[in-house]
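By letter and in written order, the chains are A, B, C and D; residue numbering begins at 1 in each of them.
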C-alpha cells in the first residue's frame, strides 16, 4: 500500500489520469480530500511493485510525492519470518544463543604465520579463522593477495585446527575456486552492491557473510541480502563494519546502532567487525565489548602475531595476548546479556 | 611544529619569502629538499599560532599545503594533563570509578510529573535528575519550555529527592537565573559552537555538560571545551549524543567510537546520551549497555512516566519499569569493565 | 493531514485508543485496511500540530510509523506565498531580476584596509560590503573580531562608498549595537539553530541574511527562517555556504542543489557564499559562476587586498584583480539565465 | 617523502627501531627534534611505498602518526602529466575545447523508443547516445536490463544516427560482448571500487567513463582511475554524479566542487551527470548549467520521450522539448567560459 500526495490545485482530469494508470497496474484506489492536500491511497499488494514503477508516478502531472508504506525488502524481513534464522557451519550454529568470534589476519601471507595465528585465536575461544586470499585494495600498487595459493593455506589451517574458514569472494569468475575451500563466503564492503556477485552466491548454498557498504543504509543492506535470498540461498549473515561520515578520528564510524535496528527488522544473524570499523588496534577492544552489549550475534576481529610486518591493515590488528584478554571480557559481557561465547 | 610542503618547481625567491614571514613571527626553519617535494619544517612552539595565521601561509606563492603536527587543543589534552579530571557535584564525583546515570524527562512539564519521575529513577540508581526548562526546538510552533518556572520545579525536586539538577542554558542572558538553580549546566548540541555562550559559562565555576554538535568532529568538541577551560572553568563533562550521517533508520548515529577516542585524547569525563542518539525508546537500552562497555563515565537517559503525553521527545523516553531493568544490566556490565554504578 | 501506519496484528482496542487521542486533539480520522497494513488518515489541519505532538503517537501501542504529508514550515513556503519576496535595502532590491554581490574581507581589520577593499569591489560591481566585527572562531586562541570598533569602521566605509553593510550578530546582547550600524544582519552557520538569536532578530525589522548550518537540511534551514518570519520579520535572505560531508578535498561541500530546491520550496531570496563553501580562493570563481547558472539571487564573496596578511580566512579570499575578472564573467552568465548584475 | 611524528616521551631505542625498519626498506631519514614532538623525515621516493607499508609504521612503539606528503595517485596526476588528456571517440574528442553531451534513457527498452530518443537528442546537439543494457538495481525485483539484446538495439541506433554509444559494464564476464557494441564503456557508481572490473577494462583500449562512487572521495576516484591507467588504458573520463550526504531533499548531493578540484589535480576529462545527481527532472536543467559554468568537459543527461512509462528512473528524465531548451542555454554558458557545445 502506498500513498500518493497530490499538489495543491490538482485538477480532476489529472486525478483521473493517475487513477487510470493505477488501474492498469491492477490497483484500486481510495481518494481522501483533506484541507490542504488530496491523497490517493493505493490499495492492493504494492510490494511487488518496484521502486521504479512507483516513482514513475512522481513525474505525472499533479503529483507531489509518493509515501511508501511497505518495506521494500521481504524475505529478509521479520514480517516474513519472525523466528531468528540459524545458520549451521560444521558443528557451529550462527544466530543462536552462542556468540561466535571470527579471528585472523587481514590477508593470508604464508602457512607458518596463518597457522600460528589460528592456533592462538582458537586457544582464546575464536571459532572461525578469517584471512583474505583475494584482497580489494584502494591502490593498484598495494598487495592484492595470494589468490588460490592463499585459499590452500586456509584449507590446510582448517585441517590442522578444525576452525572453519571465512574468506572473501571478489569476482564471480572465482566462485568455483572459492566454493572448494571456504566454509563461509565473505562479500566485502565495496561489493555490497555488486549485484552480479550477489546473484552468483545466491545460486549456491554456502553461508554468506555480507558486509555493509561504506555508505549503505540499513535498508540497502537488507536489499542486498534480498538479492541472495531471492535466489534461494537463505544463509546470510549481516556484518556491520563502519560507515563513512565526516568524522576522521576513526577510519570509519562503526555504527553500532545498526545492531539493534537490524535485530528488530530482520531474522538474519548480525555480527560486527570492529577492526575495520575503527581502524586502530587500541580502539578495537572497547568497540568489540560494546558490540556484544548492543546485541550482536558475533564478531570478526583482526589478529596478527606481528602487526608491524603484516602485509595489510597492521595498524588495526590485535596481538594474540590482547585478543586473549579481550575474549575473557567478552565472555563476561555475553553472560550479562543472556548469551555465551 | 608544522610542516610546509612546497609545490614542485618552487623558486628560491618564493622559499625565501616564506622563510622571512616565518622569521617575522619568531620561527626558525629547517628545509628538506626531497626527490619530489621540498619541505619547510617550522621550528618553535606553533601551538600559540592560530589555524588562521598558519593557513594564511597557504595562499603564499609556491606553497602547496601545511601539515599541522601539534593538536589545536591544549588544556583539554592528555598531553597537558595525563590524569583524569574528577568533577565534584555535591557528594558525587564524575570521572572516577563510579559511573553516574542522569535521568529524567526531556522537558520539565509540571511538579507532579517531574517529582514522580525523579523518585522512580532514584530508586533504580540514577544519581542526577535532568529536565529542560529552556528548550531548543526545531520549530517555532513547538513547546519552548517553562523557563524559570521549570527551574523552580527542578530545584524543588532536588530538595525532595536529593538528586542534583542538570539543565540546559540556551542564552547568555539566562546565566544568572540558571546559576541559581542548576548543579550542572548543559550546553546543548545546537549551541556547541555558540562561542559567546561557551565564554560565559567558562567565566563561572559550575560544572558544564557539553554536548557534541550534530556535525562536530571530535576535535571540534575538544576545541569547544577549550573555550570553557581557557576562561578558567575546568569542570567540563563531554557528552556524545549522536551525529548526523546519511542513515535515517535512527534519529542520529550515536558515535560510540568517540568514547574510546576521547578517553585517549582528553582527561575530561565522557558520558553518552543514547536517547537522543537513537531517538527510539526500544533502541536506548542496547546502546546504553554498549556505552558502558565502550568505557563511558556516565549516561544521560530520558525517562518519562507517560511518554504518550510527554510534551517533548516522548518517542525516545523509557518508562520507569524498563529503566529499572536496564539499570540492573548496566550494573553488571560496569563490573565487567572494572567500574561500578 | 498525516498518515498513521499501524503494525501488522494491531488490535481493535489499540486502534480505538489512537482514534480517541486524535479526537481529543480535534481530529477526524479515516481508516483504510490494506492487505498488509492498516492506515489511519488524520483529517483536519495538522499543520498546527507540532512534530512532537505527532511523534508522541509513535510510542502508542500498535503504531508503526507516522508519515507527515504537510511541510512543517508555513510562512516561508511557496504554498503560503507564491510570489517571490522582494527585500529592499536602501536603493537595492534583493530577490528581483538583479543579482547582488556582497563582497569584502572575512573580518574587519582596520579602516584603511576595509576602505581600500570596499572601493575596489564597488568598482567591479559589488553592491554591498561585508566584514565581521564579531567573529565566531573554532579556537578560543584565534582573532575574535574588533567588536563595536569594527562596526564603526563598517559604517564609515558605507559613508564613503555608499555600499550598505552586511555584518554578523552572534549574541542577542549585541542586538542594539548591531542595529545601529548594520543594513543587513547576518546569522552565521553555527547560529542557524540558535533559536533565541532567531527570535531576537525576528522581533526587529532589519533584513536578515540567514546562513545554512553545516549539517542543516534544507527543511531545517526553512524552519530556522520560520522562527524569524513567525515573529513578524519577513525580510529573510537564505544563504547556502557549504555543508559537511565526508569529502575533505574542499573545506565544505558547497551544495548548489539547494539553490533550485529552495527556489521551488520558498519565496525567499537565495544567495550563495562560495568562499566558505570551498575554502580555497582558486575554486571560488568556478563555483560563483555555477551558483548564478543554478539560479542564485546573489553571491557573498570574500575579497582581500592582501590575503597573506588577512587576520582570518586569507586562503579563501580573492584579490581585487581576480574579483574584477570574475564579475565580468558573472555578468555574462546572469544574462544567459535571464538576470542581470 | 613522508613525515613520521613520534609520541612525546619516545625513547632513543624506539627511534632507532623505526629508523632501522626504514633503512631495511631503502630509506634515509632526517630527524628533527622540536619543542613538543620529534619528527622523522623519510627521504627517498616513498611513492612506491603502499599505504599499507607506511601505515604499518603506525603500530610501532613510539610512533604517533604518519603524514604522507606525496599523493597516492600518480599516472592520473597533473604532476605526472601537465597537459589535458584528449580522448578520441570516432570523430569526437573529449577533453578539448568542445563540451560533449551524452544523452538518452536510463535503460534501453526497445528499438522504437531508443531510436526516437536518439534522433531527438541528436537534433538538439547531443553527440553521444547513452542507455543501459545491464542495469544495477537496488532491488532484485526491479527491471535488470535487456542484456545483449539491449546492446544490439544500441548498435542499431548508432548505425541510424551516427551517435557513438555509451553503456555500462557490470560484470567482468560481459567484457567481450560489451567490447563488440560499445564505443565508451561506463563503470557505474556501485562498481567504482570493483577492482577486478577496473583491471579488466584497464587491459583493453576502449575509452572508460568512470563514475564516482556514492561515498567515494575525490582521491579515491583518482585511485580507481589509477587501476585502469596502471594496466595501460589511459582513456579514462571521470564523472561526478552525486555523493551521499545527510540531505534528503535531492536523491544525492551533486558535488560540483569536484569539477574544479579534479581539473586542478588531474589531466583526465571530467564530466557531470546531473540526472542521477539530483534525481528530479526539474532540478536537472539548473544543475546542468551550473556544471558547465563550473568547468565540466561534458554532461550526461537522461532524456526520455515518455518518462511516465520509462522502465527506470522516469522521475529524473527530461522530455525532448525541455532538453532542447536546455541545450540552447548550455551553448550560451559554454561560450561565456570559453568553450563550445
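Methods note: a residue touches a chain if its C-beta (ideal position, glycine included) is under 8 Å from a C-beta of that chain, and two chains touch if they have at least 3 such contacts.
Worth saying up front: this structure is predicted, and the values here are computed from it rather than measured.
Visitor: Starting from the defined contact criterion, work out which chains touch chain A and chain D both, please.
Guide: In this structure, the chains that contact chain D and also chain A are B, C.
Visitor: Under the over-half criterion for shared residue numbers, do copies chain B and chain C use the same patch or different patches to meet?
Guide: Both copies, chain B as well as chain C, present the same residues to each other, with over half of the numbers appearing on both sides.
Visitor: What whole-Å value do you get for the distance between chain A and chain C if each is reduced to the mean of its CA atoms?
Guide: 38
Visitor: In whole angstrom, how far does the Cα centroid of chain B sit from the Cα centroid of chain C?
Guide: So the centre of chain B lies 26 Å away from the centre of chain C.
Visitor: I'd like to verify one number: the distance from the centre of chain A to the centre of chain B, where each centre is the average of its C-alpha atoms, in whole angstrom.
Guide: 31
Visitor: Among all residues of chain D, which ones touch two or more of the remaining chains?
Guide: Residues 215, 244-246, 248 of chain D each touch two or more of the other chains.
Visitor: Over in the complex, which chain C residues touch chain D? Could you list them?
Guide: The contact residues of chain C facing chain D are 215, 217-219, 243, 245-250, 253-261, 264, 277-278, 282-283, 286-287, 289-295, 329, 332-333, 336-337.
Visitor: So in the complex, which bits of chain D are touching chain A?
Guide: Of all residues in chain D, those touching chain A are 21, 48, 50-52, 55-60, 72, 136-144, 170-173, 190-191, 193-196, 199, 213-215, 220, 223, 226-227, 230-231, 244, 281, 307-315, 317.
Visitor: Please name which positions on chain C make contact with chain A in the complex.
Guide: These residues of chain C touch chain A: 1, 3, 5, 8, 30, 32, 34-37, 39, 41, 43-45, 47, 67, 69-70, 79, 215, 244-246, 248.
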